[in-house]
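What follows is a group of structures, each given as structure tokens.
Both complexes below contain chain A, partnered by chain B and then by chain C.
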Partner chain A sequence: MKIKKVDQFQKILLLIIIIYSILVSIKNPAFLHFETIFDIIRTSSTTMIVAIGLLVVMISGGIDVSFMAIALFGSYTTINVMIALGIDNLGIAFLFSGMIGIGLGLINALLINWLKLPPFIITLGTQNLYHGVMTTFISDKSFGAGVLPECLHEFGQGTIFKIVTEDGAVGLTISLVPVLLIGIATWLILYKTMIGRGIVAIGNDEESARRAGFNPFKIRLFVYAYSGFLAGIMGIIYVAQINALYPNKLVGNELMVVAAVVIGGTKITGGQGKIFGTILGVTIIYLLNSTLILIGLSSSWNNLFVGAILVVSVAITSYQERIKNRSHLIFTE
Partner chain B sequence: MKKIREYMNRDLNLSILVTLTFAIFITLRIIIGPSLLSLNNIQSMLFQVPEFGFLALAMMLSNMVGGIDLSIIANANTVAIFTAYVLNGQLSFGTDGAARIILALIFAIVCSLLFGSFNGILISKTSAPPLIATLGTMTLFQGIGMAVTGGASVGDLIPEFSMIAKAKLLELPVIFWIFLGAAVIVGLVLTYTSFGRNFYLYGGNPVAARFSGIHNEKMCISTFLLTGLLAGIAGIIILSRVNSAKVGYGDSYLLQTMIVCVVGGIDPNGGKGKVQGVVIAILLMQVMSSAFTIMSLSPYTKKLIWGIMLVCVLGLNHIIGNYSEYKKLKMSMKAKA
Partner chain C sequence: MKKMMAMLMCMTMFASMLAGCGSSNQPAAADSAATDNAAAETEAETEDTTEASAEAVDKSADPADYKVVMVVKQSDSWFDDMVTGVEQLQKDTGLNVSVQVPETGDAASQIAIMEDLIAQGVDAICVVPNDPEALVPTIEKAREAGIVVVTHEAPGTADKVDLDVEAFINEEFGQLFGKSLAEAMGGKGKYAGFVGGLTMETHMAWYKAAVEYIEANYPDMECVTEEPYEDGNSVEGAHDKTLEILKAYPDINGFFDCSAQGGGICEALLEKDKATTIPVVSLALPSMSSTYLKDGSMAHGLAWRPADAGYATCYAAYLLASGQGVETGTDLKITGYESVNVENNIAYGFAPLEFTAENVDDYNF
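Right, the complex of A and B next:
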């Protein structure tokens, strides 16, 4: 089997992460504790899942900013029903939330296919629509840890293994398992199935993909449903981690995830993007998020660094593309 | 009657919009009663229009070239923060009174033009998609504002500055007249100058524009300069109205500006749309949001209504577009036969 090549862009990202980590640990050795690292993994695991879903959408040439509303809608509705009926089963929670996610994702896909307008504007509309429907027609109450089903609490606290340090035992969160499973599944879909090749094809050029025999409508349905499904799963994991249910969390963090995926080297016009790059992008953002305090800067500097990295990475990827296009006399604008 | 019909068919979108505005106005008047149209309420609505209106005009320009500018609100806030530092004396270079206000205004304009040109240069020189480039600059501008203020609000301005927002001319706020003036100027420039014609062509089909001798990079930079300038003016108005500046003010305006553009008949794919449609849509939006405040709806319900509105208007525009194309086709078939 051929070893997967790590391309230039990912090498740079990896280098940035390593150099930054070394700098932080020189300045403040507390960074190297298992506690800090496991905490970063734990908080970033939910974002990784939706980022992978968004990656698939962006490879197909679209964009989705409604996934956080879908995640909230799925998890909030499911857990509400579970509390009302007294169900206490993790499998059912994931299944229901995922199904709701698929349904809402399909609505997105149908609207985008019908209106033929920029997906950003449509999903911005549906984001508000879903959140509004949920809070107006279902409920807008918050639930504390006491009322939530016991299985969620267990899942949120669950660990794969524990390491005993001088401050007590710290464990690697079990949320990493779904992230790995989803990563592998997405890799298989993108690279080993016809539908995955279709996603890349319509991202590169929809018309050529159509003439090669792909059905862009069906592929779009799949892509947005998949993104919705992952959002539904993520919603449950998120609720399990914070161990409370609020009707106003998550929504509003979409653009940060978009930024993470773009930093990972994904082309927003479609056809190009790597799962590993996305994971690196999410890691960079969370690394900055939780370590700026360790090197003595307040968290208000966070946006400045993320923005600067985003602008530079967008400029580099777009400029390379432009040089390539110009040398082939392709003009896109 | 026939003349009216002809007139209406000439700009179907605009006439539907005007009818819709009247319909909503009358419905709200019936639901809420005469308090909606009292001089007091109209004045308070018109005080709120300009800050939102300038942001909507900025969004309109970027939408008309087929792009989108997510950074307008971050731009407005950060400009407001820097201007506030001038006005409260930390950056005033020893000026005071009227001189300080003039210095602050010049500073704000220069600052917003810098932000706008940064967007324009980034997008035109690297061919980055505007959506993602302005997402980056949005985070960056916000970051600059956050790093400077640490998230706190900057207040303590000289009291004369808030007079700008409070002043009235002919019973209506001065800032509203400024907004109307700006809208008229933008409209005249887009309709009657060669820049405007080039602008529409560039928005509709940039590749065709390039090969008909339009300097695309220059067009792009000047579009985003204008967008930045309008956002900066919105920032000044916000500062004058609220009397303090902080990061994150008016984040919900992003969705609303987008709705206003879509309702006002701007095609998000670029090249189509008129300023008068957007101005009517801005007024409609303001009347609706005042009515929601009077009816004391929860923010969630407002969100629901904005979401439904965006999706429905997009759907309606699509159907109308198909219908008018079908009609054109039929007309041309008739002409041939």
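Right, the complex of A and C next:
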């Protein structure tokens, strides 16, 4: 029963995507091309990864707004060290950045557990803290394409396949691979492991979860470390894609990811959320963002669209909840 | 009702998140607070000297007595180079000059830093405004407090400051964009232009001059839009919009970027195997774009030396603060600014730089 309802919500999101795509195609037929899908996959791949990490945190009833700072910290520090030591190995880049991400995520979880403050406040604080530590103690210099490890650029420009036509090349980015792997791994964790069940359980009601035998502290440690790990991975992919290293990018874009996850039908109070919904949420935001030039609108329209869809989708989630409660004879108002 | 509460909480959360973002410049403020003590000392000294300056100009001209602070736009390699120029000035003259770097590239964080400097009572503030109009009230406040304010890259608000220093006349630099692009495109075809943001005055001036130059001299060339595209001063912005422009205008033949993010355009063109057929002319830093110039995806890089501009701007601020003044013919002690041309409160140097694959290695910024 419950699963069916969520699917209905995802149908609404799909419907929005389809209707919007049709409208854009009518206005500008250039939109109807495989290239469009491939371009959206490439530009949205980094956001997909952190959105999945954030989804896991939000299902557990928490929130993380420090993931962009973690992504920047992990990738910037790792690549800085790689440049200094002359290391040119993609595996090491991902490994180190991911490890830094896990470390910073664990700090988040420990602070939340120790101070017993809302995760939002803690991660808002650590967001500034991590970024500040990085720019103060590590470095705040920018690096251009020439000095970055060559493997990064190869990965950033890499494609799974590439069709070369007379109008130029159309390729499917290799960044899709980590996104898929992470999506599958997250699905397995959420639905096939005890930890996953625990995440949903503490998101619904921490006390009940505790009495059922789950350890909320351990689950929280896992959730924030996982979000940090994905942020670290995402940081490297981001740098590979833009092929330059800046100390001040990413941070400040958290809200857009939170919006995408909420649009995807995730309950901000925890206990409910779907990976596919999150993917649809990110897709909607990028679809809106990357069609404004095609339909000839200025970029401020993007904010208008995203805001409207955010409000509508939150309203729908809450309405469905009410219907469900009524059918179970639960009256909360 | 519980759900309604949850909804409300969610909304407040977003609101407080936005509020939270605004406070991200706090570390910078804390930084400058650390220099408070030092500033208070120099302030005491300079108060003495300014009183004395009425009688003996020579004595107060000692650069070590003046505290000049430069506020740049943000931290990137362009402004990193400007910092090296300012440090060079300190070594050359002994002027008490330092640089404040806002964490985010917006007017709000620059205003916060300036407010802080006004409270410290420095002698002069040099600023490269992110949004000149937005800074005017703060600039006026600083000048009322007796602080000399010198801007760079803000000719439109030159009447509100003590002096504005420019590397060149913006129209001439913009024409250089137009000329380079037209030559790279062979004088015909469709093109599109980027600026960092529509409020960025110099970017807009170059954009307009470039488009006007092309219209006047190359009738076979056509700009695809009336307004420039905004890359938001970010490489990914330039990259993502280029992908979209390529779809919307498949017959496009050239790009130019008045913001130093041409690398993003080149990355997008490389992805589509169009790097060799579609030329890109961009404001550029050698360190950030030498790869693109060498692999042929960027035809020309245009710039001026940020280090020299920072040097000249801070030196001009010192000259004004010490009462020596800046007028046509004044030497700001650095290449391109040996004899500035002052018009309507703007000091123009003549220092454009043009990079190609051949000469890009001669510059190390």
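One rule holds for everything that comes next: the second predicted complex is superposed on the first by the 311 of 333 C-alpha atoms of A that agree within 3 Å, B and C clash if a C-alpha of one lies under 4 Å from a C-alpha of the other, contacts with A are read in each partner's own complex, and residues count from 1 in each chain.
Criterion: a residue touches a chain if its C-beta (ideal position, glycine included) is under 8 Å from a C-beta of that chain, and two chains touch if they have at least 3 such contacts.
Since the model is a prediction, treat every value here as computed from it, not as a measurement.
Using the contact criterion defined above for the overlaid structures, shared-chain residue A:Trp301 touches chain B, although it does not reach chain C. With both structures placed on the common chain, the touch criterion links A:Val223 to neither chain B nor chain C.
With both complexes placed on chain A, chain A has more residues touched by C than by the other of chain B and chain C. In the superposed model, A:His33 lies in contact with chain C only, and not with chain B. Legend: residue contacts after superposition of the two complexes on their common chain; A:Leu190 is shown touching neither chain B nor chain C.
Once the two complexes are laid over each other on the shared chain, residue contacts for A:Val314 go to chain B and to chain C alike.
Of the two partner chains, chain B is the only one touched by A:Leu117; chain C is not. By the document's definition of touching, neither partner reaches A:Leu288: not chain B, not chain C.
Shared-chain residue A:Thr126: touches chain B; no touch with chain C.
In the superposition on chain A, A:Leu255 makes contact with both chain B and chain C. The residues of chain A shared by its contacts with chain B and with chain C are 63, 120, 124, 128, 131-132, 135-136, 140, 247, 255, 258, 262, 268-269, 298, 314, 318, 321-322, 332-333. Listing the residues of chain A that touch chain B in their complex gives 63, 111, 114-118, 120-122, 124-133, 135-136, 140, 247, 255, 258-259, 262, 268-269, 298, 300-308, 310-311, 314-315, 318-319, 321-322, 325, 331-333.
Interface residues of chain C, counted against chain A in their complex, comprise 1-4, 6-7, 9-10, 13-14, 16-18, 20-21, 23-24, 26-27, 74-77, 80, 101, 103-105, 227, 229-230, 234-236, 239-241, 243-248, 250, 263-264, 267, 270-274, 285, 287-292.
Put simply, chain A touches chain C in their complex at residues 28, 30-31, 33, 35-36, 39, 42-43, 63, 65, 120, 124, 128, 131-132, 135-136, 140-147, 156-157, 164, 167-171, 241-244, 246-249, 251-252, 254-255, 258, 262, 267-269, 289-294, 298-299, 314, 318, 321-322, 332-333.
Residues 68, 70, 122, 125-129, 131-133, 135-144, 146-147, 149-151, 206-207, 210-211, 216, 255, 258, 262, 268-269, 298, 300-308, 310-311, 314-315, 318 of chain B are the ones touching chain A in the complex.
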